[in-house]
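The next part holds the structures, each set out as structure tokens.
Shared between the two complexes below is subunit A, which has subunit B as its partner in the first and subunit C in the second.
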Partner chain A sequence: MRKTCAGIIAGVAGAMFLSALVAAQGDAPRSPWKYYPEDARANKGDGGPAPKRDLTGTWAGESSGAGVERLVPPESPPPLTPLGKQLFDRNKAEGANVVVAESNDPHVKYCDPFGFPRNMNDQIRSMTITTLPNRTFVLLRFMNIWREIWTDGRALPTNFARGRDAHDPTYNGYSVGRWEDDYTFVVETTGIDPATWATESGYPHSVDARVTERFQRKSKNDLTLTMTMDDPKLYTRPLNLGTVHFRWIPSQTFFDFTCIPSSVQRYLKEMADPAGKPGGGAR
Partner chain B sequence: MNTKVVASVVLMVGLAVVTSPLFAHHGAAAFDMGTPVVLKNAVVTEFVWINPHPLIKADYKNAKGEVEHWTMEMGSTVSAQLIGWSRTTLQPGDVVTLYVWRAKTGATVGRFNKVDFADGTTMRDTQRGADDGGRTDGNVRN
Partner chain C sequence: MKTRSIVVSVVVLACLTATAGRAQRGASAGFLREGIPKMPNPPGPAPSRDLSGVWVGPIDNKPDPVPPMTPAGQALFKERKPYGPASRNNDLGSSNDPFITCDPLGFPRNLLAHAVSSRGRFIFGSAPSRLLITYEQQRVWREVWMDGRALPKAVDVRGAPESRYYGYSIGRWENDRTLVIDTTGVDERPWLDEEGRPRSSSARIEERYTRVDEHNLQLTVTMDDPKFYTKPWTWMRANFYWVQGQDFAETFCIPSEGIEYRDSLAKPSGIQIR
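Showing the complex of A and B:
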């Protein structure tokens, strides 16, 4: 009984503490130009039915501070072919056993763009979707990236090799989209620059990779994105890149986060390298 | 289990709920996350407000009277702003006590934990600001 009472008291104290935190945040001056994650977090429930064929708006992802959980991570281990394994082994992603100084992640080292599909499964802070009659745009706040998805019925390019009709691979590739039903928007992408990583953990992809995204708006407040990548040269079967969840942001406001190459070089020189390489760069 | 222990557990769980997986970026594999080094009466030499991580630079006079030049990283500018930090929170010449998880290499660099100001207030890091090195995004000045 005594333990139960103690638990109740502690629980009430914890709730009061949290309330005080929220109240303290609520008392602070507020600006319409600032993002307040507690507002997005407080927007509970589904908000009602989803509008038909409409993803328009600004959404909070798992790194938004709004308590949005990732639903499914990229599958691990990946089903690599021998060539895929060879390329994967070259990629040293930062992690429990690899410090920043030892990583060769091109984004961590040089601010290189994530590229697609990594920019849809890593550092998911917020995403804005907007449309024109013939295109849908996905605007990512992390690195201020925008993707262009054509909806005019055109076919995807397939030749990224040689010849006058070849297309140059790009960081975000070439994308087309269509509504599978009133709530599911399917996007196919080809022509992704093979220099980029497909995931934070360094999964490789070739120039022949084809990525399928399924955006499903399940309610006014909930949007999920499931991604698969078909790349037979490097994977023995289509790779599941996971499912990310987005929540509607009531204020529709978010902050940007840009990687500045000169800042990263300073960070690496004065902080990460001395921290990761014995004797390296210590002042 | 006494009330304090239960309350502490509840508060930590509460903080975890409040903060959620916010702005994960670089990890802490390079740092000794056991006990933070305490740099008492350190003098701030520069507060570098950059991404991916702001850098706090400070001079600390050790027990031998030698001046150590320290550099420490904290959570990103955007996450730090959400709990009250700004580019002017620390200024050159400020005399403060810094708590830092030192690099395993032994260099005078590390992951910032918290700062005690001369007026008795404390500000913490977002990602590694708890006393156990966990998150404290919900704490502003406490």
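Showing the complex of A and C:
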């Protein structure tokens, strides 16, 4: 079953991918502003040794057409506490048994931002990493959203309850990062708004969940991200959120793709069938 | 959307307001540090070719009057029902401002001080051959190529890139304190401003950032869009100020909140939106 946004986006991305192939095969001149997945695919091998302490640049991820190794999804089934199971059961992810119109995934229904950590393994076709002296930015192509990782040695906030000095939960949480060695950048994040789903399948998380990302640059062309989530209120042990692989894009260009809320509303109203069941209805 | 935006606006404005009380509260080091940091007065000189940092604004925006539109521009403008009059008529549901459903603001509207957050900050970073600008407003980013390439001659035709919400941008340093960015290829769906004026995908939009000193930045934005306007004009002429705390708040327009607000609260109750 196609996701609403993924359906629309896949349509747009499909059209762009197709136009890239046509341009490659026909007489249309090449534009430095376009992403040609065949060029990314042709960039084989490791490209040489990884630069030290440097993730800067634009990377191709899952479903980018660059021949990137498939991601490893979050572990399933998740090791939930009773409260975690209660919350998980409320989340109706679009899938084999849940049609688009029945899903309560806030992203599928409204095009709400994914939030972190879902935005690092859902629609992760490309990201760009840039740094300033005291922080690193992860710029995501999907929905054009950026994350901020402080590298100035500060501690993560711990107070997200009500009160004058409490921090507001946010969609991307609060992140700090450090280099564990010359090729491994470790990021810790907490304070993520519980309204977001941790995964496409609807794993819940509390505001106190702590997500650890390990970015490992294996060579000039290869970057691997592994994520775990530690959320004792909802999970009996730390949860493996999987592995995402990235390849360096030689042109450093990627196409835009995003979710447009008004388009999602139109799609749900005009095409999705509120009463439909899998395999039936107007689709 | 409104609750979140009110909270965010308060935090943002509190960071800017000189209140000793907040400074005494002993906020945790880092994240949204409270209180007003001591800024050197007078500020030091502008560093050379460096706009990095968090800037708050636009402040004291003094644009030129908008020139007359072409017939094509007028036709598109007529279809648009801005937020302001709709809210004054107690009928938010009659506005078709795409931002009500939290559609992307697009460039250059995202530079304006929007109702959600009255201070839109941004920061410059770099990646190979590029400058990257991140915005507090909607948490979006733009990419500015500094490698001497030309802008796309066209968009949305065979062999050309597709128009996109934040367009395609190139930049160059005119001198050690002035960065000039040229943009074209913007998706035509977003509005140019709160009133709903249009801008075309062939518009050329120039931003001129001049770092006056360590803490002050001036921005002039010129619109050149012959498809919709009879002549170019200065669309923005405003100041930005360096924020020493260098912290952003997360400012999202959340579609579910915006849509729920519009459909369940504003329209039926006739609440006047300010």
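Everything below uses one rule, namely that the second predicted complex is superposed on the first by the 245 of 283 C-alpha atoms of A that agree within 3 Å, B and C clash if a C-alpha of one lies under 4 Å from a C-alpha of the other, contacts with A are read in each partner's own complex, and residues count from 1 in each chain.
Rule of thumb we're sticking to: a residue touches a chain if its C-beta (ideal position, glycine included) is under 8 Å from a C-beta of that chain, and two chains touch if they have at least 3 such contacts.
Not measured: the values here are computed from a predicted model.
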Considering only the touch criterion stated at the top, classify A:266 as touching first (subunit B), second (subunit C), both, or neither.
first
In the superposed arrangement, does A:167 touch subunit B (first), subunit C (second), both or neither?
second
Scan A:97 for contacts with subunit B and subunit C and give back first, second, both or neither.
first
Which partner chains sit in contact with A:258 here, subunit B, subunit C, both or neither? Use first/second/both/neither.
both
Overlap the subunit B and subunit C contact sets on subunit A and report the shared residues.
255, 258, 260, 264
Given the complex, residues on subunit B that touch subunit A span 1-3, 6-7, 9-11, 13-14, 17-27, 29-31, 48, 50-53, 55, 69, 71-73, 76, 78-79, 81-82, 103-110, 137-138, 140
Quick one: in the complex, what on subunit A touches subunit B?
3, 6-7, 9-11, 13-15, 17-18, 21, 24-25, 35-37, 41, 62-69, 94-101, 108, 123, 125, 255, 257-260, 263-264, 266-267, 270-272, 274-283
Within the complex, which stretch of subunit A touches subunit C?
16, 19, 22-23, 26, 28-34, 56-58, 106, 109-113, 128-132, 134, 137, 139, 144-146, 148, 150, 152, 154-155, 157, 159, 164-165, 167-168, 170-172, 174, 252, 255-256, 258, 260-262, 264-265
Please give the residue numbers of subunit C that touch subunit A in the complex, ascending.
7, 11, 25-32, 52, 98, 101-104, 123, 125-130, 132, 134, 139-141, 143, 149, 152, 158-162, 164-166, 168, 185, 246, 248, 250, 252, 254-256, 258-259
